[in-house]
Amino acid sequence: MEPRVLANKKEFTFKSFFLQWEWLLVVLILAVSVMNASLSEYFLEYDNLRDATMGFLDKAFIVLPMVFIILMGDIDISVASIVTLSSVIMADLFNHGLPMGWAMVAGLAVGTICGWINGMLVVRFKELSSVIVTLATMIIYRGIAYILLKDQASGKFPDWFQYLGWEYIGGIPFILIAFAVCAIGFGWLLHKTVFGRRVYAIGNNATASRYSGVQVDKIKVLVFTLAGLMSAVTAMFLTSRMGSTRPNIASGYELEVIAMVVLGGISTAGGKGRMIGAILAVFLIGFLRYGLGLVNVSAQMLLIILGLLLILSVAIPQLKQRFASMRRI
Amino acid sequence: MKRQITESAGVPGAQINIGKPARSVSEMIGKFRELGLLGFILLLSVGVQLRNPSFLTWENISDIATNTAILSILAVGMMLVIITRGIDLSIGATLAVSGMISALLVSHYPGIHPLLAIASGIGIGLICGMVIGCLVAWVNILPIIATLGMMNVYRGLTFEASGGKWVSAHQMPTGFKAIATGTLFGVNNLILIAVAIYIVAYYFISHTRSGRRIYAVGSNPDSATISGIRSGRVLWLVYTIMGGLSGLAGVLWVSKFASAQGDTASGYELSVIAACVLGGVSIAGGVGKISGIVLGSVLLGILNNALPMIDVSPFWQMFIQGTIILIAVLINALVKRGIDRNHLMRRKI
Amino acid sequence: MADSEYALELKGITKIFPGIKALDDVYFKLKTGEIHALMGENGAGKSTFIKVITGVHAPEEGEMYLNGRQVAFNHPTDAQKAGIAAIYQHVTCYPDLSVTENIFMGHEKIRRRTRCILWDDMHKEAERLLGELGAGFDPRTPMGALSVAEQQLVEIAKALSVDAKIIIMDEPTAALTSNESEELYRIAERLRDNGASIIFISHRFEDMYRLASKVTVFRDSKYIGTWNVDEIANSDLIVAMVGREISQLFPKKEANIGEEILRVEGLGKAGYFADVSFSLRRGEILGLTGLVGAGRTEVCQTLFGVERYDKGKVIFKGKELKVRNPRDAMRQGIGYLSEDRQKQGLVLQWDIGRNITLSALEKFSGGGAIDKRKELEVAKSLAEKVGVKAKSVFDLVSSLSGGNQQKVVFAKLLTAELDVLILDEPTKGVDVGAKSAIYEMINELARSGYGIVLVSSEMPEVIGMCDRVAVMREGRITAMLDREVLTQEAILKASMDDTAPGALEGRRAEA
Amino acid sequence: ACGNNNNAGDSASPAASGDAGGKKKFAIIFKNTGNPYGEKQMDGYKNAIEELGYEAILKAPDQPTAEAQIAMIEELISQKVAAIGIAANDPDALQPALEKAMKAGIKVLSLDSAVNAKSRLVHVNQADPELIGRTLIQGVVEMIGGSGEIAILSATSQATNQNAWIEWMKKELEDPKYKDVKLVKVAYGDDLRDKSVSEAEALLKSYPDLKGIIAPTTVGIAAAGKVLTDKGLKGKVQLTGLGLPSEMAEYIESGICPWMYLWNPIDVGYLSGYTAAALVDGKITGKVGDKFTAGTLGDKEVIQDGEGTQIMLGAPFKFDASNIAEWKTVY
């Protein structure tokens, strides 16, 4: 065989660079901003924009690990219940006399354990899809929250606890800073590390990954555990913003989170997509909601708009592909 | 018994063989799934009966059946969807929008024949289903995403259609309310409609080509394409049927509760999916039986009926339901492992 | 136009996939009642051609004539109606449905008026068809419960069930043993004698010589020529297929066998294999052969930690080896090349470089992050070493032909420091050109001190390559043949001999 | 922007002039959209605000959650409205958001379902919980003829309003004159049709001697009415509670439910509108003893309510066969 020399560089084309999904999201965010600014004089005020982020960033913490989960072809619909359970347990322990700091640690631990249980069930029972496993645990976790708190709300947290969700550091909301730190961390984890590369490998071909020495089960459990932990982080911020907790908080968060991840261009089918897409999607949906809220669009219109946006965002790439293949045939 | 056919065919008997005895074992295990579910239902019933003697009365059983009817009608459609490896989260919203529109219809034209009201509900459901069918079958959107998006849209439309109002009992003609309360030979109409749907669905999925193709597409989409099955059409059909059944369920729901609201049946899709999963429909596609989902729906129906009757604290109900679902699917998985192992052993003999 | 002497004729067919011209102005003529072999390297376009005939793909250009009349199939059902049946390369079954349904899917028997499926008729017919093929299983069995060979029989029954005039078989023998292949030949001949025309695709020359009267060769999506089988020499055919001559398929290897590195003692796994013992030395190539389903893959996967064994022990470099997963195995120094490179070997959607480095990512990570430059360097040098044909390591693996994909898998093994390589059917579905490159590579590896277990079903390969051969039958090693006594007869005898101690009795007791 | 300073709503604060478009903006947030009771309340609020020549903003989330209401409060703060009236989905969870609003100079009041005293200046109460609780017991006892088993079918186990009323019902029952009346169970239908029906059926079966059901929630009472109708239990099991006239007309006319109570949601909204305007105009500060005139409803006074203050609309209105026909088309 004659030795062959392979080219050293990847071919770079501006077309493929700018045809990336993330650019479309950037354009959409700009379009939404322009629309909002023209509809409402209040939108472009710095204080308002800044405070708006405080309103939608709580669930964004779950978006980060959900990107990993969906990339691996799994899904976790129990995250909202984990938020509730860790919030309720934190509040319950605090009200039973545990210092707030320790109660928070316990809340985070509970979330982590819930995530770990999800992960263990998913890898031990591979014949059940993660939808089913987390559907069941979703009901169970919230069920436990009901058992613990019954019909009570629980609150009366120390003042400093409210800082999490409401305070600013140097004029920037603390929650935004925390999210930025987490987002950079998760982005780094996904795109720069061995761990992230393996997550992509599992998403594309789990069997081949296993045969290549990737510990698929271990990584899956870890990712689900991370999702549990981040759900608990969301629980901290949400509880701080609400000042009290109940067994029915955060209901419906799972679907919103999944919608954001999908809108961010993360595809379950091919293990494709990037963290930045999901983060952009968080801000796109957040600003769209906030802007339409500023002009007091009714809740039902908002539902319809968000539904159509989700459909369109996944339909556009599909249709593009279809047209391309139609031209071929 | 190793070489039954080798002499004539000259094929080594190691792989190819008749497995009649082994097959009956695996069949038994297969049936065990449903028998197990039935056994569990009976056990539960006896347990509840001991706590509350009015549980196993004719009246209560008929109540359970009536309350389960709508759930099981939806479960039939959901089973077809899941067999094709899909899922439909929009059914609660579809149910609400078709229920609301047919309620508005009868409140504006009280003279309308109840059958026409049913037809209108089914019609609207069909349209909703068709849209989702198109998105899934031809735009290739993942079912979970397509139905999540359309769920929002349909729910929004329900509110828009009603303008935030409810349609109440006094606005509905008696004939319309009688759809769900009427009886034939002493059996509630809802039960009759549900049974009729089981029968039609059973015939459809086991004795017609279109029905079998649903299984084929779910079992192996690639070979379905190659054997000339237009999987797009099958998918579209499945979501359209689901929509039609949701529409029917919408009318029945509104008629049964004599009230149409914007948030009718929100979150109901999870109960329906749970019924299917309990009934042994595999999310991986290709597997599912009518008898299974009927049992699954009945189990959920009994839980809904029995937990209040045996004075379980309302705060425990959710946990108990979730735990039963989890245990059921885990046992299901373990039994399936048993079946697979059995197949494997058969292979070796 | 009057009936033509050709049952099927295709002219100037061109088929383009995004970025790939899979067929380029291709011609083909099939006479009535003939068996016509279609050959060519991997990726030559054979399967695509078949799919054009059966209406799965619509060609960009070209015409198709059926008995002299021009036709155009837009959909697989059109071809079915026209009496064309195909057995596709990859078994296309519905694992959850019964055998009967698998046979009749797409053309179920239905009662005219009610459009109700006639199950009894179908089961009876299925039973008859299977009986004709010598298969004894019940048509009501779910397809997923059958072995690959049994499934292949069902595929054939499926083709028979439509009473097809033209039957196309795309590598039907790839999953079959020589005996089963023989059975298939018989069936094909009978079909031909009954007036059907058959297109037969295979990489095995054996098949072609045994069956076909004509052979057509494609190369690089192009039509090369059609010959009568008895008029063309083997070497000429190879030249036609690869465009150059392959002087020596099995290069001689200077044996340089060192110390023992791996010893397997009485390995057993309930339901799969029992009492497997062998030893391997550095520089040695140990063949592992037997019929399909003999349990070779299972043994290999157990050694690699994919599965667990429950009896016996493995001694590796003098110490007892315990592996729980492939990662452990690779760390200890055992590598495995799986028989299904698309499912188990590669991440098809990734580029070549990433595939190569997947199993050794830790080596490129500094402080948690991947050092991309170092990764690229290693990937590139390994890809060049195994001779992958591509523009750069950024080409997607899915765009490569089978042979080149296999080379990528080899490159992957070379990233780790291994002592033992287990190669499971490394040349399965690989064309002649790539095959010889792979043989060369294996010899090279053996020379550099690896101990190699070569699993293969191809007699010439086993005999040509191995220093010693273990033959497996029904989960047991029935013979260990040294190079001097290595003959086809000896292997066949060991792999089929019924007097060998039955592994089954023990297994059943364990189960 | 946090902390528990209670004097946030300094009436002199000029920050929220709310007159960006020339008109001051008054917002109301109801629990959720698509609820006719809420729509009527918002209508009443709007009527009052427009009578006064201001602009009304009506908002309601699609799900009855506190999270969604917090987002809406933020949106309203951004819009610099003059006042927010809120029917809360949670009494405590809105506290930080509402405190932020008050700090920004917005007047905050709750109506229908209260927020805690720290998060509001004043609460507009549709009716005295004590009065509701006691009246309902008195009603059902009268219906069942003074003795027998009764049960309560409530909304969710979390609902603050319902829980307060149920407490008062239990207190009323402690009176020795009810020694023959036994409250056998409090069931929760979660304001879901199907669940309320199941719960109602379970009550009937578990307690075959049940004589009366109190359902202090609109969904629950209608579901119970439907169950009693379908089972032909008219006259055997009595039903009363709080319900929408439109939903209950059928059952009141048929006699399943001899009478029930509710206040006029339009009036609740209307009174809230005037209260909001009075707060913004500085006529009242929300302290006990403040007085103002609430349009057609006449003079109103701020009174004590636990730690906070409230304005009472009046006694609940009794709907029975004689007046239901005229109300069923109103709300």
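Letters A, B, C and D mark the chains in the order given here, with residues in each chain numbered from 1 onward.
Here is the rule we use: a contact is a pair of C-beta atoms (placed from the backbone, for glycine too) under 8 Å apart; a residue touches a chain by one contact, two chains touch by 3 or more.
Keep in mind the model is a prediction, meaning the values are calculated, not measured.
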Specify the chain most distant from chain A by Cα centroid. C
Just the number, please: Cα centre separation of chain C and chain D in whole Å. 73
In whole angstrom, how far does the Cα centroid of chain A sit from the Cα centroid of chain B? 30
Take the average of all CA coordinates in chain A, do the same for chain D, and state the distance between these two points in whole angstrom. 36
List the centre-to-centre spacing of chain B and chain D in whole Å, with centres computed as mean CA coordinates. 38
Find every residue in chain C that makes contact with two or more other chains and list them. none
Going by the contact rule already set, what residues in chain B reach two or more other chains? 155-156, 158-159, 262, 315
Multi-chain touching residues of chain D, meaning two or more other chains, are 32-34, 62, 157
Between which chains is there touch? A-B, A-C, A-D, B-C, B-D
Provide the residue numbers of chain C that touch chain A in the complex, in ascending order. 16-18, 58, 60, 304, 306, 325-327, 329-331, 336, 338, 343-350, 354, 358-359, 361-362, 364-365, 368-370, 376, 380, 383-384, 387-394, 412, 416, 437, 440
Using the touch rule from the top, collect the residues of chain B that touch chain C in their complex. 2, 4-5, 8-12, 14-20, 23, 26, 203, 206-209, 212-213, 215-216, 218-220, 222-230, 285-287, 341, 343-349
Counting only contacts in the complex, chain B reaches chain D at residues 52, 54-55, 57, 59-60, 63, 67, 155-156, 158-159, 162, 164-166, 168-171, 181, 253, 256-259, 261-265, 268, 304-305, 308-309, 311, 314-315
Chain D to chain A touching residues, read off their complex: 1-4, 20, 32-34, 57-63, 65-67, 70-72, 74-75, 77-80, 90-97, 100, 156-158, 163
Contact set on chain A toward chain C in their complex: 1-11, 188, 192-194, 197-198, 200-201, 204-205, 207-215, 270-272, 324-325, 328-329
